[in-house]
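For clarity, chains are labelled A, B, C, D and E in written order, and residue numbers in each chain start from 1.
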């Protein structure tokens, strides 16, 4: 078998996710259930590589632990890591398993903002400091006042609640989730065309540099793409995003 | 009753009155006026949410045990290393010049470098050099990072204490035939340590809180746990829970230290 | 040349030799042996990556300006508030009992509560009560959180300094007809402050680094900037860049403070 | 009405009674010497008069006003009462000159320049003109004690309290300082001294008080006390002190 | 060979020369008194003998061995030389008894119980038996000074240095302490005193040295120095000191 002898523990597949793991990627912070997009992808990939559900071991890791030099405590790590050439120098990525457009979430005070670049420039922006959305924000939107950056989405949520920022940039599934469930009175006013960004929002699984298992996972993903498994998982767990207008 | 006793009795009654009144006034102001602000309900839901607190508190306490353990093994090592560095920095003999330079560099660098970088560098960097498990444990190397950083701060405080002991005390002790080491141990340090207890108490409290920085390299202690809950629930109440746990530990500790100090100084004069 | 001068000359030569030798030995050990470890190349690429450093350094310096600004307006306010709290805690008159209690509670709470909670509570909570822009700025409220926390620490240190001044100094000053306030200002505080300069230097350095905690509520200071780069480049080198910037500021500052202290004590004896 | 009247002054440290009902009249311009064994309470009594120690009971009347009333601001009285301590208690962070000028500058809001000639002349009188700019740690014990005297005199007090001020001086300077005390007396200064200089007390004092265990056991003009002590304890103390 | 020999001892503070080539022989069992005005350098000389101040030049010979050689460990010499200071310098964090027992316990590794009777008898001899458990801050000046003397004697030194040890004592105790010094002399103790007690120096000293500006201007047996001083400065000093 492809994965034989390439995993951390023989016969087991150790997969890392975030602490905590968020909706809609993992439901209820419980990847073991297989509920949620990434959890489902993980189990599908595992199955494709010949691991039973019982052979999948979940661990938690932060971004920092994922990129530290030296031995890792997981076979691969999936928590919406965008594939970038810079990151690729330090770690290895699988082929993309999802392509997420960036989307603009605005707070209750700015729901009437039109979805145009010109209008977006003038807003007070926030974003997550550990996310590729920062690059997008600075390079493409170029806001007139300095954006504020936060550690995680809960902090952005609080900043919108305190009226300290008008808008924030997320990947579209997250933005939709936050708007619907977390941030009262907020709205997703637009998304960027996904082909427009230079690969910044393609999610891949992360491996220790030079990990031989990558080939197996890539093969598994290719198989899942061609036989429609991946598309089916997406349809099950991801909200329909066609209602969100494109930003002009 | 002497007239002084009479007077002090009256004074005490008066000051208790003032204390009670002012406390009540402040409390009333907070309890009445803050909830009248437009955003109070939201803030209350975010920061003082009973349901969230009840749900997260047990796990926070669980995680706090890790803090306590890391604290318990780091604090004594910090005290020892800090004291050694302080002594090395104060070495008078010219032959010990290299030691003095080295210890000065030590305090400068480890105070100057942000703790979190030290934690990353030592916690990720050293194991990254190729140590096998379990020697690459983040607990070991993270604690070492804390120990090095805090030793630098603690050493500076000890040094201030040593400097605050009047040189005539040294003279007197030396003249009795004590060696430099004995003078330091029996005469200078006891007075020095006493002078810096409040500052060192500061450090202990700060350390207790900075144990949380280890979470950057993996260990899930109380702060990381609170952060996880915060992210998951989009609610800051778990931090308030963590703060309560910290206060329950630190306030009695500081009060007790103050009490010991006060008793000590009463005994002497 | 007297025989002491001869001796000291020899001593000095010897100790410089020792210093040079030991420094070279340590350097050789680090330069030769560390790169021989199996993981060195990876660690070097992650932490000491020249290309990454060159690319990120200018932006880090840019972000550091914000740290400096926040530091510059917070530090004096901390010194003032810390001193006031220390004085209130030491108030002797029974009539000032409520003030004493209040200031004790202040130091206990703000030292005990983790800075980051204070930052969240004040930085998100107070603006969340319904303040309009620009009065809800995270810069203002984040700084206030820092000021409150650090004042508590600084107050304790001042108090230690005040206690370290011998009571006979107070007696002497009072006997001259100075008021309690004048005694404090002209006699006790100058000696107290001098005794605690190293401890307060500790605090200044710690503050300089804790300014970074403001990044939790939005402001992009050097640490957040380094974190952004770390995420984008999956590389810890930007943190090393940040550390270098901190060291460049703190080491000369501490050396200068030490020098001033040494000069002062030389002048006196 | 005497310049300074002590009525039944009681001072305790915890359970130890150090002043046990002291009564004493000091007339304007008088020099009163307190003598007695070590631990008799001389220093403590002087500290009480200067309100540095709160008294448990009794009154201390300066110009007829009780200055020891609990709750009264002691500053007003202290301005009029100078004190010099056994252990100098100079301010180590100030030069000798600054030590002497601090109180007049702060209390009477005088400028340095107004004070400088005045204070400098005191330094000259005590042979310390060339040491004004030194810090206390740079002065010998004798020099430090003289600075302490200058510092108290710089406030131009009505009453001066001296606690064994000559104990750290060499004999040469003891003479000089005692001369200064005599001068002060001639200028009408009211003074209370705790002293072991029996010869000086005998020559210069208007009244001697012998303290034992916190009480004035015997008092009177020097001739009477030295030549015809009534009390056994006084006799014994003097016989040993004068031998 | 004298017990203690100073040869051309030079001590500077920065540019100020405080000991300017001092030569002095102290024979075994002799009591030598240093007299001189304030600032003459008496205290500094005693500190140099006890190696508390490094000397710039010259030799200090104890039993024929130079103890002031730069780089030599001073501890061995200090064990044999006790010193009592003008300002007590008691350790404030220890009781009187602990102050006295510290050095013998540490240096000679004796246990508390071994020392206790021995040290307690010293306290009794100095009238402080009931103050052994007090902290220095709880003692009067005189009491503190006596504890300092006891502390030095507890080490049973060969040579004792006293720096104006009676200056804070009341006359009654001055007598007692001087008696103890005489006893010590009879037991063969070698002593160097800086003192202003001219009468005592005259009666008890074997040799008097008059210091001025860091030099021994004149030395000799007391009769000679007091009755027929050769030097003008000595005459002047004595005339004022003895008046």
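The rule is simple: a contact is a pair of C-beta atoms (placed from the backbone, for glycine too) under 8 Å apart; a residue touches a chain by one contact, two chains touch by 3 or more.
Since the structure is predicted, the reported quantities are computational estimates derived from the model, not experimental observations.
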Shared interface partners, meaning chains that touch chain A and chain B: C
Minimum number of chain-to-chain touching steps separating chain C from chain D: 1
Type of chain D:chain E copy interface by residue overlap (half), same or different: same
Pair sharing more residue contacts (C-beta pairs) when B-E is set against A-C: A-C
Mean-CA-position distance for chain C and chain A (Å): 38
Chain B and chain C, separation of their C-alpha mean positions in angstrom: 14
Chain centre separation in whole Å, for chain E relative to chain D (CA means): 29
Geometric centre distance via CA averages, chain E-chain C, whole Å: 47
Multi-partner residues of chain D (each touching 2 or more other chains): 87
In chain B, residues with contacts to at least two other chains: 8, 11, 39, 42, 46, 120, 124-125, 128-130, 236, 269
For chain A, residues contacting two or more additional chains: 64, 68-70, 158, 161-162
Which pairs of chains touch, using the document's own definition: A-B, A-C, B-C, B-D, B-E, C-D, C-E, D-E
Residues of chain D defined as touching chain C within the complex: 47, 50, 52, 74-75, 78-83, 85, 87, 89-93, 102-103, 106-107, 135, 137-138, 148, 151-152, 155
Of all residues in chain A, those that touch chain C in their complex: 63-64, 67-70, 84, 86-87, 89-91, 126, 129-132, 134-135, 146-151, 155, 158-159, 161-165, 209
Residues of chain C touching chain A in the complex: 39, 42-43, 45-47, 120, 124-125, 127-128, 132-133, 136-138, 215-220, 224, 227-228, 230-236
Complex contacts: residues of chain D adjacent to chain E: 35-39, 43, 86-87, 140-143, 164, 167-175, 196, 198, 237, 240-243
Touching residues on chain E, where the partner in the complex is chain C: 10, 54-57, 69-71
